[in-house]
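Both complexes below contain subunit A, partnered by subunit B and then by subunit C.
Let's turn to the complex of A and B:
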């Protein structure tokens, strides 16, 4: 019970931090409003999916280094399939790409379970492989995206009966993010499978002895990570309209947000909400730095330093809790 | 030859071959290297000549040196993905600083960022116990950011490559690449460190059983800090050599060498889990990869397929290694 409270306390603290940052943003830039919030959410979208992918795997006691490469591959696949195709064809592309992510993620899991090589090495190898595959699909940024798909994350959601001043703060991108994450996460969290994922992350030996199918659960966890990765890839294609074969900075960002979000890197602890709030915090810091008119390259350094500091802090906490 | 004599033994030949391969990992590696050269010769007859040999060695040397960093770190069970950034920074800075400064000063300035990267890596891994992969990935991102900012300040001054580095990188004397002047002492030093010094033994010990080593009184963070700084310094030197070889300073100068350097160390028999392996295997691994790259270029394999192949090699070799270790 105390652990439950502490975890919730962490997320509450993060929310407070987020609100403080919003207030700081408003002070730096008094005109910060609905439009800026909409673009913030759009920028967060691929990061949020990358973080979701990483969260599932980390809770299951692993780590997925291939998440950024997975996004690059799914993104170029979607973009090259939709290039020049009809609008209706995209209705087929989206489920296809999602299924592809699921299968590739499952392959990650199967490789780990069958080869018995540590997660970090296997996903490093699949990072190279997926990156290579992305380059084979498209060797330079290109492709296209269906207009209706791009429109999904533009603008805000009009809700009848609510004034524009409120609906303006509910961007479609946020709705899409919440819907996509909830449809996977909530049923998972409430099912036996979700419990198994936490169990194998906490202690796979104990889980095995209590009759949890460890190998199968691990494969499913990686498959779900692949699915979230594919969502991230699709969101990249949706926001840019093209696909780029070079993976973005999503790997380190996802690990940093997972740590900041209160998920223990050892596994078995934490939820999805914390990391998602954490990713908003990290993005908003970037926005603030930009608003303060700091050179974008310096922003990249500051951001990288924050992430490294967060990861160091997380490792330190893990070390402390292990030794005590 | 030697493999066939071993498999001729009566008791369980498969097991004996495996035993032999784990005892003498260099033999199958050299056989593989010769096989690749043979395939190359068959695919395009006449390509294997002294000039080709010189070129292959010339391009294998930066890779082998960078893989040397990787080997040292892997012995402790880590991995260093920031070597590419350390090398790129050194190469880019020496090319831009040589315009105004004497070459010796420029080289000294160029090695400073590499040392800083190594220091931060060492602190993160040794004191805070961050996983080396994540830590070095982070420092390499920060390093690239710093380099971009630095590029803004020197964008108008142009670049210049010190004659010495060009001589070292591209020159050939009596058919031998001049880079051997750098490579042979460094390789000898690395092998000496690994086999004959206390520091080298500590690396193996930490990789084999960290807990036991710490209980034996070894200061973990001191060894790790020294290791990562040494590794980054070597990576910086590789950057100097590589910019002399390529003669085009860019922000992604040595990045293409990072994945192959990991692959070369893994192929060379250094275990990614630590405690096993050595530099001699890595050198052969780097040669194998260079020949393989030539082969893939002749076969007109695209870059993507090459990366897939590297990934597959790392995975397969690691899995095979695990089997061999479990077997004993």
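Let's turn to the complex of A and C:
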């Protein structure tokens, strides 16, 4: 147990912060309950997928500036394909859009590996390309979504034998998030490929000398980011019922949550759980600021200050524990 | 040990914040506001009109304003947070007409009065009070095409790609264009409703040397006139909105012909009035109330009079001069300029 705590100190700390925030929320708004928690998870969904995409790439030593544009493009593609189509057609749309994300992500990776232009420049360029492509697909917000798909993130999961008071705290959106992330992340983390992603992030020269196929691993990391980005795009279409061609505020939010989640921006260190918990923290802070009716021009400053404070506090604790 | 200390500290802080929030309340209504464009003169006037009307009505104890740059998913999050905050009514300027439907339906289900301002929403339970955007574009474009003699080429400077007010205005512009078959669109650009971007775009176009006969703008107007004057190119007729800066130019710039179409940002204040009427049990006859635009031009004497009367150099150049809407807003000019809500 103590070993687990030592290895996962940052995540444990984030969980503690999240629980404190829930307590604070309950004090601010005593009626905060199951329905409000469901709302929180639905707000978390697109951010969580954006941050998952960013996490994989950052661990591999890169950065992906095209995350939000990727979500916009996949979202409008899904929405325009599903508009007026039958419910069953969505069964084809979902895997198609996921594959599209995977391929576009891989193209990001290939461009970086082949051209040797820095990640930040290549993904900045693809940001504009994907954004333009999204406007070609839909020049204004529109399209539709299959009812069954939208239903996946509505309501809560009834588990036979468990009372409503417990299942009410298990929103379907949370189940979907956990299932989608785990299906990709757990096999990856346990495979040789996962280890290679961490290795090239730590030092691509050392990884190369140890026989890790650096180029291939990098391309796969970006492809996985594209896949998570497509999941994020689908979650946007699911929660709004439409596709919007102008990217939302997901790029900066994804970088923020990656940092807050304890992933080293230099690569090679961190996991997926930390950034996901960080997303919950950031969304709950937003809820609290709204509940408190804080001046809206101040809220962004408060959000930023909290982030800096937490990261600095974490760095301080890490330094102290190292010196002792 | 250290952890318990931190815990107590944090909990204490939270309790303090909570009590600070509670002390502002003096009974009556709490109104939630959701807006998704920050740092734009028109939207800032809208928020100030909401604050001023809430104060002037005397019926609002507290405003709960969610005002940030975000998309439809983010706005749904804000609306759900306002539901959690148990507000009595929500005044919303929608990021998208359909994208926030679920969140608005949840609000109505929770007994909250929902009023959409500026742009329509598809949720049938919501009330809508909006400027007629299609008519806004039609009026201005028709005047412009008549002004250039029904033939020639115009620069079409739109708003933000994908915004519903922009697509509604596009419908109006195209309707006018269809009535004048000899008028061509020389260049179509999206200014994103950003002053600097719009100015750069017109300077780029002037630099190509291709002649044009008129400019239609979606409200990014005074910087376009600035660009024409600075580059000493021909002063072609310009259509814009009733922003204080542009109205001033129509009165003062030598040789400039143009028209301002009203698009009051004070519609936010009208939204508060409508929400309060519904809360007090007076439902409007229709679910949608449209505020019709009017056009002020500086070509006829009557038009010049209107423009003179409307000009207000004391306002920020990006603020629309129509800072109030008859029958719908009751605040004074000082109140909207001060931009203070109840309890501030």
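Basically, the second predicted complex is superposed on the first by the 287 of 324 C-alpha atoms of A that agree within 3 Å, B and C clash if a C-alpha of one lies under 4 Å from a C-alpha of the other, contacts with A are read in each partner's own complex, and residues count from 1 in each chain.
Throughout what follows, contacts are C-beta pairs under 8 Å (C-beta built on N, C-alpha and C of every residue); 3 or more make two chains touch, one makes a residue touch a chain.
Predicted, not measured: the structure shown is a model, and the values here were computed from it.
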Touch test for A:9: subunit B only (first), subunit C only (second), both, or neither?
neither
Under the stated touch criterion, which partner chain does A:297 make contact with: subunit B (first), subunit C (second), both, or neither?
both
With both complexes superposed on chain A, which partner does A:135 reach: first (subunit B), second (subunit C), both or neither?
both
Is A:252 contacted by the first partner subunit B, the second partner subunit C, both or neither?
first
Would you check which partner chain A:187 touches, where first means subunit B only, second means subunit C only, and both and neither mean what they say?
neither
When the two structures are overlaid on chain A, which partner does A:158 contact: first (subunit B), second (subunit C), both, or neither?
neither
Who does A:111 touch here: subunit B (first), subunit C (second), both, or neither?
first
Going through subunit A, the residues touched by subunit B and also by subunit C turn out to be 135, 139, 245, 249, 295, 297, 300
Within the complex, which stretch of subunit A touches subunit B?
63, 65, 111, 115-118, 120-122, 124-129, 131-137, 139, 245, 249, 251-252, 255, 265, 295, 297-298, 300-301, 304-305, 307-308, 311-313, 315-316, 318-319
Can you list the subunit A residues touching subunit C in their complex?
16, 20, 23-24, 27-29, 31-32, 36, 39, 42-43, 46, 135, 138-142, 236, 239-242, 244-249, 283, 286-287, 290-293, 295-297, 299-300
Subunit A-touching residues of subunit C, taken from the complex the two chains share
3, 7, 10-11, 13-15, 17-18, 20-21, 24, 38, 62-74, 76-78, 80-86, 95-102, 160-164, 166-167
Which positions of subunit B touch subunit A when the two form their complex?
79, 120, 124, 128-131, 133-135, 137-139, 141-142, 144-146, 148-149, 152, 259, 262, 272-273, 302-312, 314-315, 318-319, 322
